[in-house]
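Each chain carries a letter (A, B, C, D, E and F) given by its place in the written order, and its residues are counted from 1.
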């Protein structure tokens, strides 16, 4: 049910709630949503990329031990695959075939600070996808796949495997696993309050007293909440 | 009425007219329009941000003297709030609550070289908004508010309080206050002429003689204009 | 007919086919499509820009020898004008009047690593246009036009005059002229195979055996293809 | 005497002490020392630059009200002139003539996130100078001078007029005025302790126990300090 | 003895030899040598950094399990510590105390695409150090230590633990462990040949025939080598 | 003798004189001098680089028609080789063997917005060299040589073949050929005047009246000049 509550709040509210708890860098700036307009919530399955070099190449005959495929085939329902591409969008990281495979396995989304291929096709896959750009070429020498489910960096945020990832029109944010319940609850409260503030603002209230509400306005809000 | 005339011309024409007068850097590159598709025209109300540090923090109890709120609450009908965020989009500068407050006060638009929060919500506010990106997090340590209505830099253009700001699909441009009448008139003439050129081009005329019109073509245009 | 076949495949497939032949850097990253959603295929007509300086200025009276106009007026049906703007989007390179002229002459598209002007107008011109950004100002001091139909760089790819350019939602890719037939054929085969793989994936097949198909799966595909 | 103590400690120690107090972004990254190898300590006199435009130009006949000259001529002994150039090193901000004038007036250093001119000459002036690069050209259109002694940003740090600036081989750091005494004292203690740790390390001690010293090692240090 | 031979050749020659074998991206661009002018050769001990967040903090009381200390204390004679800082030089990664500890343990050098602290002090430590910049502040929120001796990226090159690292005035290059003997031998031959070419060039020979030597010039070289 | 006069003035003065004539972007920012501390003056011989692709490769057997070698062997005494590397320093452009060959042919310097190889060796060659960085690797796939003695861009400045290039500790500047005499004369006058101003400043004169000299101070200077 934590997941449901997280679907009801915005990444802006989540980032604000996290910042109050000292977690200031968990929103991932610079990513664009190229597919999937539904709210995205799921658990991080991480994949780390490194610059390629010939002695690290894994041929198709070794697909089974290719970390990319270990990640793709290891997707469980609700997982969000997070690909650490070192913020380098000069090569495509994943395309429509593998995205479709993940979708079949129940994947809830893809987040990468690299580029995605096959954007037009990806739109029809139905997965929410956040990335740093689009690039037609697969990663010939720029990226190779290093390992799965280690802590990674994505767009400047640290993501541990199993962390909660949430995405909306603003972008994507990571919530440390152990904080998810607490953040979901606080965020819901924050949004309820902000919605009330917003309705007052629309009626002509000023931002100085109402945002955030000072003591008097908070009392007004609590009274209103008790009645509604 | 200057405002009306400015709404009828494109920022590309305005930038071209300004360049002819020696003002070559008043278009603000790199900004995207995230909300509001109507033409935007208004007068600049400037807000300057600086990197935050603990001794500069202004708590909610001091909202009234927070430069951000001084700007928001100081909006007069037709103002466009210009936020100098030092071209740093790694933190959100304003979100939907304050944008709504500005809207209520008659604000004509928001322009910033920082990031905006709550993009999905902003779309429903109805204000034209130009920014360098979207970011869910409010500015915990990256930005603090410094002062209101000093000259600022936004996306590489110098903007003085009271300058005229115009925005369309290409982006936003600033017109020095004292030049607004003259630029509006020249831009209208330029667009009339370009529309005539465009109609000739569509009929098969070549660009060498017609764009810009040489002496013969200008005579042709003047004759046409006299008739229409 | 090579052109027709190229229209049927994606830039992602083309980039993958080119990479297998050792051509790893022919997709142009960082460009966005600002107009024209139809598939784009055509032959490169190149225009090189250089930083401007006063002694290089070409006035309107010398339009006929301005390399920009030599390029625009030299467009033949099916040409795609490729403008090397040194990856600098801080000034507009072309706008709606000249784009319309090119359209009249049969131009198949515009690709530049600089910025385009008049974006809202360009959408109605009907030409597919890929660029690194939008900028209202024409190039007063940032760009001057140097020469036409020399090899150029565009978004990091080398483009020779007469090379084939293909564009879709992912971006644009260049195919060396002499390879176009071969690449078109290989890309068609690759897409046929990928479509078959995709249909298997949708039915629940795993990516390890099927993508790319191992020997057994390839036999399965060949059998299927013989039947269909 | 605070100043004397600050001359005896490194910017690395100062930045570490400031971070412990919550001031994490006061070291100015990316600046290089192009002149003056003596330790630099002084009080910030701030000068803010903005993009130039023709209506903001101040001719030589108005030198007396040019903010650049107000800053230069306003230097008091011990001042460090901090120039906010919006991290843009594509134009020179100050050269040898004005640096010499500042030197005559007792200036203790120059810090800017823009570029300096006349580097070879500056070396002989004798002032410590930190900047983001060197550029021969004076600021024709990139920079104009906006105002003096407002809070500014320099290389990502917020600097208020009167703050203490310290520089050494690593770069420059700002210390909020009101914290200078406390930071100087803590930094001295930190360096004394680190020097003792370093001497132990040189004798073969391990970093786990000694850096920072755990309880046992701290007792050892306190005993040593009492004896020396 | 492989190590000795590698000390006698330049990183430029090594990079050229590696490129001929298909390893084109093993030189690390953008690093500067801030200490140690002797040739640097050793084996990579890798340390990976990630963005910090509060739940990943390791206090001094847990030094023994801090990956930074595991790396530092795990240094064996001849090791070169390679720190993957995600090309982010906005925070110091290591300073003089830990560099001294590594020196005591026989460390042969430090290479990082992050920043180093205490540069003036580091010069006296005697270790060759390559980094992307200098920064006084230790990594409060930008970097935390993730793990030791996994494959990493440094300045765009993939480095596996145990790879050979070589540094000189041009910068640093990584040689895959299994290629070290072969690369050392080829590089020595390449340098012998280039030295002979250089002596001919100094006597007036042209670069077309001599660099690289064509068949006739190679015969001339072989004859010369047989005699010397 | 123009050359001699240019050797006596700084690039800062030259950039200032050029800016007064409307040439504002002829100083090349971001280049560092890696070899040669003598003043550099000479005529531009331009070499243009493009991204490489397999069908553009020129093997050593075709050295004679490789544009790089056409440039190197085409050096006449006093030439400065300017290499347009599209501001991309991720690959070395030239090394010590070819630099030595140019030196033998009378080359007066090398300027590139790419990287140089063999820096330690280059120092002993004796040529002044300005570049955007150092990189051990020769240009395997990043750069190929396109053509010689066309107008090029270098570090943002347009350079025509035969233009005058001047370099000192601040960096390098280009002077259009036809302006060289005039610029040399004006620069000499400017420096004479600035030296006089500097001597007054050192004696305690203020910058408002003296820099640049107002009418009274200019009269003072003219009188002094007449006497000296």
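Basically, contacts are C-beta pairs under 8 Å (C-beta built on N, C-alpha and C of every residue); 3 or more make two chains touch, one makes a residue touch a chain.
In this text the structure is predicted, and so the values were computed from the model without any measurement.
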| item | value |
| --- | --- |
| E-F or C-F, whichever has more C-beta pairs in contact | E-F |
| E-F, A-E or A-C - pair sharing over half of the B-D contact pairs | A-E |
| Intercentroid distance (Cα basis), chain F paired with chain A, Å | 49 |
| Distance between the centres, which are taken as Cα means, of chain F and chain D, whole angstrom | 31 |
| Rounded Å distance, chain C centre to chain E centre (Cα mean) | 39 |
| Contacts with 2+ other chains: residues of chain B | 24, 26, 141, 156 |
| Chains grouped in pairs wherever the two touch, ordered by label | A-B, A-C, A-E, B-C, B-D, C-F, D-E, D-F, E-F |
| Chain B - residues contacting chain D, complex | 21-26, 50-56, 86-87, 141, 144, 146-147, 150-153, 156-158, 176, 178-179 |
| Sites on chain B touched by chain A in the complex | 60-61, 63-64, 69, 72-73, 89-90, 92, 95-98, 100-101, 104, 115, 117-121, 133-138, 140-141 |
| Touch list for chain A against partner chain B, complex | 10-12, 14-16, 18-19, 24, 26-27, 29-30, 156, 168-171, 173, 194, 197-198, 201-202, 204, 206-209, 211-212, 214 |
